[in-house]
Amino acid sequence: MASPVSSLEGRTLTLDRGGRRVLADLSFRAVAGRALVVTGANGAGKSTLLRLIAGLLRPVAGDLVIEGGDPDLTIAQHCHYFGHQDALKNQLSVAENLAFWRDFFGVADGTVLDALDRVGLARLIDLPAAYLSAGQRRRLAFARLLVTRRPIWLLDEPTSALDAASEARLLEIVGEHLDAGGLVVAATHLDLPFARIDGLRLGPAIVGEAA
Amino acid sequence: MASPVSSLEGRTLTLDRGGRRVLADLSFRAVAGRALVVTGANGAGKSTLLRLIAGLLRPVAGDLVIEGGDPDLTIAQHCHYFGHQDALKNQLSVAENLAFWRDFFGVADGTVLDALDRVGLARLIDLPAAYLSAGQRRRLAFARLLVTRRPIWLLDEPTSALDAASEARLLEIVGEHLDAGGLVVAATHLDLPFARIDGLRLGPAIVGEAA
Amino acid sequence: MRLIDYANPTRFLGLVAKILPWLAGATIVTFAVGLWLVFFRAPADYQQGETVKIMYIHVPFAWLSMFCYMTMAASALGTLVWRHPLADVSAKCAAPIGAAFTFLALATGSLWGKPMWGTWWVWDARLTSVLVLFIMYLGLIALQETIEDPLRAAKASAVLTLVGVVNIPIIKFSVDWWNTLHQPASVFRMGGSTIDASMLVPLLIMAVAFSLLFVWIHLMAMRNEIIRRRIRTMRMIEAAGAE
Amino acid sequence: MNALLALFAREWKLAVRVGGGALMGALFFLIVVTVVPFGVGPDLNLLSRIGPAILWIGALLATLLSLDRLFQVDRDDGGLDLILMGESPLELVVLVKCLAHWAATGLPLVIASPLLAIFMNMEPIAIGATTLTLLVGTPALTFTGAIGAALTVTLKRGGLLLAILVLPLTVPVMIFGVSSATAVLYGGMPFTTPFAILAALGLFAMVLGPVAAAAALRHAGE
Amino acid sequence: MNALLALFAREWKLAVRVGGGALMGALFFLIVVTVVPFGVGPDLNLLSRIGPAILWIGALLATLLSLDRLFQVDRDDGGLDLILMGESPLELVVLVKCLAHWAATGLPLVIASPLLAIFMNMEPIAIGATTLTLLVGTPALTFTGAIGAALTVTLKRGGLLLAILVLPLTVPVMIFGVSSATAVLYGGMPFTTPFAILAALGLFAMVLGPVAAAAALRHAGE
Amino acid sequence: MDLGNHAGFILASYGLSILVVVGLFAWVVLDGRAQRRRLAELEARGVHRRSQGQSQSQSQGMGMSRSAQPTTGDAR
């Protein structure tokens, strides 16, 4: 990571979706080397929070601040977002899919083959992505986080669809990212055995009209 | 269920996908009143097996046989398939979505309202499906299994995206189906606390040329 | 109360409730005066005879069809730049009215054209540009109706509205240019560039009357739309509460 | 039967709820007819001559534009899998989907065409003939287009060739449609001959389309 | 820069491998040109006169056919979210996507047009002029169409709506494209004036299209 | 009042204009009534916007288990 981020802070964030208030006055702080684990019931706003950090949604009030990092870049550009959708093209091979995102995200931090090896897909490198199973697709999507290092990882239910072995491997990779001074914000309803966890529990969906 | 099925048996099933052998010489037997839980690593062929039973994929060798059931119908027509996709149309209301599938699948076994009530969506009956959250969508998709009873339920990671309360409710409904003499074949990586379980573990993905 | 306070939909509704009766009265009175002038005072044109009476509605409709689009464009700016909460309500409600007025400009023009030009329709610059405007209204309505989420619909149609503004002068200009190539324009000109006061006054009064009508209908439609959105919100709340 | 009725009702609703669906086709048609004079010039004589061809091209394009995801949406949301597991033969399902689509998209086009023909300065008899050919011909376009829609669902890599084969199938329909409409204009040729062929093509497409599309869809899941 | 090159390469690969869209466009173009003579009758003179207009109308409609999934695929698979998080400005991303789309869809049309012009009995000079105007004008159509594609990105069956939104915006391009092509035929007017305006419109669309489409896409994610 | 030999066109244009304007007006009025009726229905059913009923909506509780009790009575 070129320019490490030491903390990511949300201050009284408020956000509406589809005319309803989903996050109200939410504050949190994620620090380098620790995982902030966001929990809450279905519809509590976990995914919404991650998308907010990723710059895909705009809050109606409140601020998002980072310490450290590259001042020329936005916060979103310090983040990798690993959500439910895999952004894979069925017509491209495994390697082509990954190589594109490496090039698109700029400075490469390792080869495509290494990354595929880490997630256990090295043998499938030339297969069209259409042929992958649910879990394999998810691992390929995760490999994207490895080819271009960005300091903040936003993981939305990262272990869903993964088998036990893959889950262990994913947790290991996340652990290494934390050890290297990275930040992780993860949304989940399962218990994720990360080493150093800060918790953030979102209340039941706040039901009300947008101001 | 008009014509109960007493067992579903696979005999030396072999299946290729994308030129590779995914299932080789697989045999299994699922019996009424018990859940056959299929486990295995990512890419082991769990979803493939379910889709094979559902008649969506054809084996290159082997047979699928049921005992009991309606001799005029194919095996697939005895099955409900509950996969990752929800087959909901955002433009239709909750009731319209469910009513369509009830009518399409023929003999109705209960009203739309009852089914929605079972999955806790009764109050949303007139709402467009677009307004539903991820968990609500999945429950609505599941309600489809209740409006037209078919004896065999094929569940692919049924609890994914559900929070704890919803999961418990789903397991309860599956339990009732088993009690009523139904069959369940479920693919999962999590431990599903069904009452009466038969296990089927698929080997690691067989990577190789199709014969 | 500062102007900004009207940004609050509830305040806005209160204001509308106060204004509407006055607006209704003013519209009806202006129409009465205008129509009386048109039918009992205004002279027949020496060239066109009594058909000139069509002018008193045709021209206001034509003006308003463009005015209404500019209202939408201003609202579009309000939506995209200032994110004013009422701007997209305004834009959305202006579209059907604009479409209706444009349709009437086309229809009354055609009805005037048949006796004057001997044809209902020619592919001439002005006519075609108005037809394109009509189509753009319908396209905007279709877009708004199709995107379910009102906020997203508002932003999409705001972008389209603004792009369309750029296009309007281009359409007019280029079509003029294109027209000279093939056949001489048959654009009607009043005998002389100025209109006699005996016609101009009724025309202007009718124009004012139609503008008042526009504002009246627009405000009522905005009120409906605000309530519609409240209902939508409440149904979603009901949905979430039901979990 | 009930299943197919329900399907028809649903498809109709879906088509209509996408932005007033039915109107959309007619509106699109209007725009095509508006654009042509911009290209060809405002010569009313010329316009009336190419009128039938323009209306037919507009109808083909409107059909293609709205058809191409007829099955894809169902495949993407998993509905196709469930349809395959139903008790209705897939051929009939395709037929019903096509009919609903035509009723929501094609029929409004046919209804709007006399009005647009006036814009094109066509004569009453030509207007009648064109509308009639469109009424008979647009279902054929829909059924043929359904094959293409089914193929786009299945196409992976090699299947491109098939797509090339489908669109040319619409050429005969187009040609006989336009020539029977213009036969009335020039009088060189009887109206009934090409019209009879058009009707025959329509019936043929009604069988071929669903059968071929169903065959393609069966392989879509694999 | 590298990012945009990679994007271009990927878009190109996708367009070529999926094919469906690109091919449908070219085939549709061919059908338009095949069908018009049947409507106009066998008058070769007339055909050569309206030839440029027909080619232009065909190109316009063919572009519409393939545009509707320009951004939709990326939105549906989540790729758009990642693109928004990249360091490349969204406007440039849209520009590059349009260019790749044009290279895969529009360019084949341009290349095919001289051949089709021969079908239309056009003279060499008119063929040259029409091809040149298409070469300059079709990118403008793509850029304008991109706005419609971005506006309808959230809709499942938005093809027709897209066409309705985009067609009025493409009218100026059509007018100047056709008139510079026909200027050569009649000689009444210099070729260069409308051609220069066409080129200017192309440049304008190249700015306006990406900016407006990017604005629409930014809001679509919310 | 004599409208000359083109009276038909004049009357047609005024008639059509009145028809369309009145139609537009009627639509707005009827739509307004329908919306207000639906709003009243919702309010009668006890649905509130946040500004009026925050605490109320939060006490409704979440999770499937709650709706295990038949809530269909107030479903419609």
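So that you can tell them apart, the chains are marked A, B, C, D, E and F in the order they are listed, and the count of residues begins at 1 in each.
Just so it is clear, a contact is a pair of C-beta atoms (placed from the backbone, for glycine too) under 8 Å apart; a residue touches a chain by one contact, two chains touch by 3 or more.
Keep in mind it's a predicted model, so treat the numbers as computed, not measured.
Traced through touching neighbours, the fewest hops from chain D to chain F number 2.
Superposing the C-alpha atoms of chain A onto chain B requires a rotation of 175 degrees, rounded to the nearest 5. Set against one another, A-C and C-D show the most C-beta pairs in contact at C-D. Summarising the inter-chain layout, the chain whose CA centre lies farthest from the centre of chain E is B.
Each chain gets a centre from the mean of its Cα atoms; for chain C and chain F, those two points are 23 Å apart. With centres set at the average Cα position, the gap from chain A to chain F is 42 Å. Measuring from the averaged C-alpha position of chain B to that of chain C gives a distance of 55 Å.
Residue positions 14, 18-19, 24, 27, 31, 34, 38, 41, 76, 157 of chain D each touch two or more of the other chains.
Annotation for chain A: residues touching 2 or more other chains are 18, 41-43, 91, 128, 130, 205, 207-209. Contact of a single residue of chain F with at least two other chains is seen at positions 49-50, 57, 60, 62-64, 66-67, 71.
Those residues of chain D lying in contact with chain E across their complex are 14-15, 18-19, 24-25, 27-28, 31-32, 34-36, 38-41, 46, 49-54, 56-57, 60-62, 64-66, 68-69, 73, 76, 105, 148, 151-152, 155, 157, 160, 163-164, 167-168, 170-171, 174-175, 178-179, 181-182, 186. Taken together, the chain A residues at the contact with chain C in this complex read 18-20, 42-43, 205, 207-210. Taken in their complex, chain C has these residues touching chain E: 80, 132, 135-136, 138-139, 142-143, 146-147, 151-152, 155-156, 159-160, 162-164, 166-167, 170-171, 174-175, 177-178, 181. Every residue of chain C that touches chain A in the complex is listed here, in rising order: 149-151, 229-230, 232-233, 236-237, 240-241, 243. Interface residues of chain C facing chain B in the complex, by the touch rule stated above, are 148, 235-236, 238-243.
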